[in-house]
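Okay, so chain A shows up in both of these, paired with chain B first and chain C after.
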Partner chain A sequence: MNAFFRKNLLSAATLIVILIFFIAAAQGMNSQDFVITFLRGLSVGAVTFLVASGFSLIFGLLDVLNLAHGTLFMIGAYIGWTVFVRPDTFADLLTPFALILSGFALRDMYPLLSARVRLGLRMRRILPWALIIVSVLLLGLILPRYPIAGWNLDNYAESPVTYSFMASQGTPLPPPTATFDQISPALAIGGLLLASLFGSFGLFLFDQSVQRSPRLSWRSYAGFVVLLLVGLIAFIFNSALTAFLLGLNANWLFFIAVIVATLSGAGLGALMEATLIRPLYSRPIYQLMLTIGLSAIGVQIVQAVWGRPEFVMPKPTLFNGSGASCPATSFSSWWQGNCSTILLLGGRVRTYNEIFIPLIGLLVLVAVWILLQRTRLGMIIRAGVQDREMVEALGINVRRVFTMVFALGVGLATLGGALAAPSMGLSNAMGESFLLNALIALAIGGLTSYPGAALGSLLVGLIQQFIIKYGQIGISIPFTSIVLKPTPPIVPASTVLLMVIILLIMPNGLLGKKE
Partner chain B sequence: MQKKAFSFFHNNRASLIVLFALVLLPFIVGLFEGASPIVVWENQGGISKFVEGLGIEIFILALYALSYDLIFGVTGLLSFGHAMFFAVGAYLTGIALKSFALSLPAVIGLVFLAAILQALLFGLVLPRVKGITFALVTLGMASMFHIIVTSSELGNYTGADVGLQGVMVPSFINPANERLRFYFVALVVLILIYLLYQRFVNSPTGRVCVAIRENEGRAKMLGYNTFAFKLAALMLSSFAAALAGVLHALYQPIVSPNVADLSFTVTALLIVLIGGVGTLSGALIGAFVYRLLDFGLRRYIGENASFITGTIYVAFVLFIPYGMVGTWRLKSFRVAQGWRRLLAAFKT
Partner chain C sequence: MQTILDVQGIHTFIGQYHILQGVDVRVPAGSITALLGRNGAGKTTTLKSILGLTPPRQGKVIFNGREVQGMRSFDIAAMGIGFVPEHRAIFRDLSVEENLKLAERAKDDYARKRDFIFDLFPDLKRLIALPGTSLSGGQQQMLAIARSLVADNSLLLIDEPSEGLAPVIIEHMMSAIRQLSTQSTIVLVEQNFLVASKLAEYYIIIEEGRSVQSGMMKDLVNDKAAIHRFLGAA
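And now, the complex of A and B:
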């Protein structure tokens, strides 16, 4: 027991300091303020955790400092908004995306195909470029003519802001319809498929490191066939799908939106890793430049597609009720009235922001924990974080695990974005602030430690919210009559200061392992 | 004697040609407009004044990037707080000139002291944290500085969110009336610091810094006190960055809090990566490319410029793998061979 204490003296001391902080925080605050602030802190902490955990997984296994993570979080929010507020746009987009991705699902077949290509050295160097240029040209020809019902940034009445506002009022605008323009549908579909095959094969040819061809089985084709079928079915039953999604209960639609945002984030992450990050493992510092560049591109794409103004995604109906029985007094009465607020210990708590998001955060925490601790993939990831070379030497295909972890990390970030959209709103700058929050949280908790990411995010969220609250009510310093009111710049300063102090005492963070 | 002098000119002919071109640049640009060199000398040419301004900005940026390259590229310390070095110089100059009306030599002395102090502040954490943790700690320190500078309590001195405005620039170096002189001052400062850095990197001390970048444990085992070498590099770097800040505050009589931001450190990082990590000349070329790219895209494309800049960065990383100078050094032999082959083909 004595030895145990001596070993964990530092952790125990920090825990005590944190406890003292909370006791001090509870001073001078009535219980309802305390409950609300605490739950708000949990909410911010949960979203920060979703960004930070993915970042930490990627950094731990791949040694990639993904500075585009905040931008990906933001993209997740915008994707979630699109599916939730404009399901018709989503239904229109499903076909081209499924078709473009289908080529990449045939990855296992390409080594065979490239072995068949018998060309001179010079032609072999030109071939991938030629394929990619043809693919880009095809896409550039077809996509502008492909009918996608969207919004119009130049016209305020048809802008995302208006759609979002009308949807939150419960009277969504009738969606516009789009038809094929100067191109026959069959030609468009065939062209997209061809562009996808050319592009993916061209990108594959760049990657010279893969030499041996894996054995082909039904799995090699399954992904391709599934994507092709999804694309074709979504195309044939486009209007039926749109009508179905528009008629769907908003809760289910929200569920679908979150799932779609997560999956598309995972797909984006896998694509990023396979095409852009992979050539850079030998020159680690240059990934910083790459991810900074990608982040700038991402922000610009979001600005071009969804516009600059901020808007708020409406909440699902489960958390949006405001009937006679609201605010709900207990969870059962909330279930009947679907109130947007609930009375807890005398405080009015917003059910979506302060109850739902922390619960989802907890769920993800447990799910990823189980994935890491109880599955084979998780075992490989944990081993890889500890010693990558050894895992490679044991004959495990770490490359594939890299792609999976990158997809998982980005998927977690986009999940966080989609969840945060109804509570925090969508803006072009949301990514940057959460990236900084996540970095601070990770530094506090330990850069590559998964529980550390959770603890750090929790601390960052709680401290920020308590400081904001004290900015409103003021702290009375004991034994004096002075009331100190922290000014807004203190909010970021407090967490940054905490980070610096903790890193100076424990360079590996609270839960990080010593090297 | 004669031969030695000749070989000096021969070995450095590229740098000397560039230097000569930079000295003559304002006058040559003036000629395009029809302004004789005398008009340019009297600071009356329109277009040449504009080019001088762009040149000064590039020199300041190059000086700043050079100082980042010394700690990041040569010594291998990844710092996310470098903007603080620059901002301290800029803010000190602005406040000393505006609120205390000090003379310029006194300001530079003050900045020198401050540069040493902040290098010591970074040095304080050096033995405890390494690698990415050092980057985060420095980020934290720079953020604290940014928050202090933008806080309203110090608004009288720093101008809070708006930034420090109306720096009283001494008239003999005022960029509005004496821009040509400012141009040459900035150029001379840049060259002096560059030569100093070049000497530092090629000195035994600099060699140890490179060894620390390559493998700190091994350098330590050879008996070098790596902390002292890192601190020396930090001090040199801090001084040059603060000097760049001084020039910045004098040139734009405004100091905005953006120069203390993380994104300004990222600017230095990008410039160094564009030019080539660890190559001092890369920082200069990188600053030139970065500023012209930024300026050109903003002017001709406008708001969506950062999409193209982002794409260019990605393309850079993929196709110019070690930065401009780094890749050139790797490939110059092959390129030279290719040229020779081409010329030979023409001859026959």
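And now, the complex of A and C:
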């Protein structure tokens, strides 16, 4: 015990100093302000944690600084919004997406196929490009003709902003239906499948680091068959699925939206790792440039698809009530009225933002902790963070674990995005600001430490919210009549300042390990 | 005698550097073979090239009759090669037991082997719940060897087992390795010639990335000139 204290003296001292600051901060405000600010801090901290933990897992194991993580977080928010506000669009998109992804599920088979292809050196160099160009052309031909009910950015009455607003009023607009445009359904589906096979094989051929002898089993085809079936079933039962989703209770729909956002994030992450990051493991600078580029592309895509204006995703009805019994005074009265606010210690607290999000954050914290500590996958991740080569020397396929961790990390970010959409709203800039938050949180807590990510995110969230609060009420400096009001620009600066101070005292962050 | 591992003229580059420039290693099944040579001669790189951790650009690595060069290293290892690296590479964030469990290739490997492992290294049994960080150098070395025994490996590559250990512990380590050699073939990299000469039946001397001499250890022990020339030992 004694040795433990001596070893962690510096961490303990730093934590105590932070605690003192925190208590001092609480002195200047009344208890209801304190409760609200504290819970808001928890909320921002929870969302930051969802971004930071994934980023840190990916960086720890793969040594990849995924600077697109913020953008993926944002994409998660927009995916969640789409499923929640426009389930018909989601039902329409299911088929093309499943088909486009299906080819990538055949990844294990491609080395054999590639060995079969006997071509000259020049043709071999052209082949991947040719395949990718054909694939892109096919997609460009088919997708615009494929029936996807959507919105219209140029017409305000049919824009996401309007759909979002109408949904929040409880009177969603009747969704338009789409039909095949100058293309037969069979041709469209076949074309998408072909585009997927060509594109995935082309991207695979770029990866020079592939080595021979993967063992093929039924697993190698299972993913492909499942995706193909999902695509076809979603196509055949499209209208039934749409009707089912539209008729669904908003809470269930929200739940589905969050799950879909998380899973699509995981899929996107796996795809990104397998096709784009994997060829660049030996070139860290290229990885950085790649992820920065992807991040910029992601923002552009979001602007093109969902538009530039900001809008807010409606909250599920569980957190949206405003009847006679609201604001709720206890959890049972909240449960009866589904109130959007609840009175806690005299402060009026929003149930979704300040209670639900921190709870989910805590849930994810525990779930990932269990995954890391109690499962074989977690064991491999923890070992791999320290020494990948040795894990491989034990006969473990670390590459496969890389893909899983990338999927997990991005999935956590998109989960965060979907959860944040109803509380913070959707905007093209949300990715950037949360990536910055997450980076600061990780620098504070320790780059590859999982508890460090949690602690850092918590501190970042709390400090930001307290500074904002003090910007409103002012800090009275003792023994003077001066009231200091921090201005809004100090909010981001304050967390950076905290980071600088902590890094000066503890270069590895609060819970980081020495390299 | 049957050859379990046959390395034929491998060339390995690390970055720009041409580290191995033609190394041949023939390892008879059931033997202990020592790779000898001065610091930086390429002994460790030879072990890593066999496993594909530093893949050779030229030459062949034949293990159990199969060419394995160019295969992914986890596939090579999974064919039955255990690796005990130079600095032990104990996973700090894992407990002793988790370090062992991680090496499982079949679900019951650890359960099957644990009694054998703890008979060999009784010390590890009481350390089972401790994190890898809290072990002493000797305990880490025992754990590193134990880890290579969890899966069914027919070949063990052991790099510098005596490095930085006290004489008493070296004795213990040597008896453990001798005991292991009754069931697996062992390739040993060892700086300490005394240790190597007591353990190994065969030797291969590597100098500046080339294998220059090989034979029976009992012949080398009497060849003072060769020892002096290649190993600098008095």
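Here is the rule we use: the second predicted complex is superposed on the first by the 505 of 515 C-alpha atoms of A that agree within 3 Å, B and C clash if a C-alpha of one lies under 4 Å from a C-alpha of the other, contacts with A are read in each partner's own complex, and residues count from 1 in each chain.
Methods note: contacts are C-beta pairs under 8 Å (C-beta built on N, C-alpha and C of every residue); 3 or more make two chains touch, one makes a residue touch a chain.
None of these values were measured; they are calculated from a predicted model.
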- Message: For A:I23 in the superposed arrangement: first (chain B), second (chain C), both or neither?
- Response: neither
- Which partner does A:L121 reach: the first (chain B), the second (chain C), both, or neither? neither
- Task: Would you sort A:I396 into first (chain B), second (chain C), both or neither based on which partner it touches?
- Result: second
- Query: Of the partners chain B and chain C, which touch A:L288 in the superposed model: first, second, both, neither?
  - Reply: first
- Message: Output check: A:I301 vs chain B and chain C. Expected answer is one of first, second, both, neither. What do you get?
- Response: first
- Query: What is the contact status of A:L504 with respect to chain B (first) and chain C (second): first, second, both, or neither?
  - Reply: first
- Message: In the overlaid three-chain picture, which partner chain does A:A186 touch, first (chain B) or second (chain C), both, or neither?
- Response: neither
- Query: Quick one: chain B or chain C, who's touching more of chain A?
  - Reply: B
- Which chain A residues are contacted by chain C in one complex and by chain B in the other? none
- Item | Sites on chain C touched by chain A in the complex | 51-53, 55, 70-75, 77-78, 83, 85, 89, 91-94, 98, 101-103, 105, 147, 151
- Would you pull the chain A residues touching chain C in the complex into a rising list? 211-213, 376, 379-380, 382-383, 385-387, 389-399, 513
- Note which residues of chain B are touching chain A in the complex, please. 78, 125, 128-130, 132-133, 136-137, 139-141, 143-144, 147, 150-153, 262, 266, 269-270, 273-274, 277, 304, 306-307, 309-314, 316-318, 321-322
- Okay, in this complex, where on chain A does chain B touch? 59, 65, 276, 279-280, 283, 285-290, 292-297, 299-301, 303-304, 436, 439-440, 443, 447, 487, 489-490, 492-493, 496-497, 499-500, 503-504, 507-508
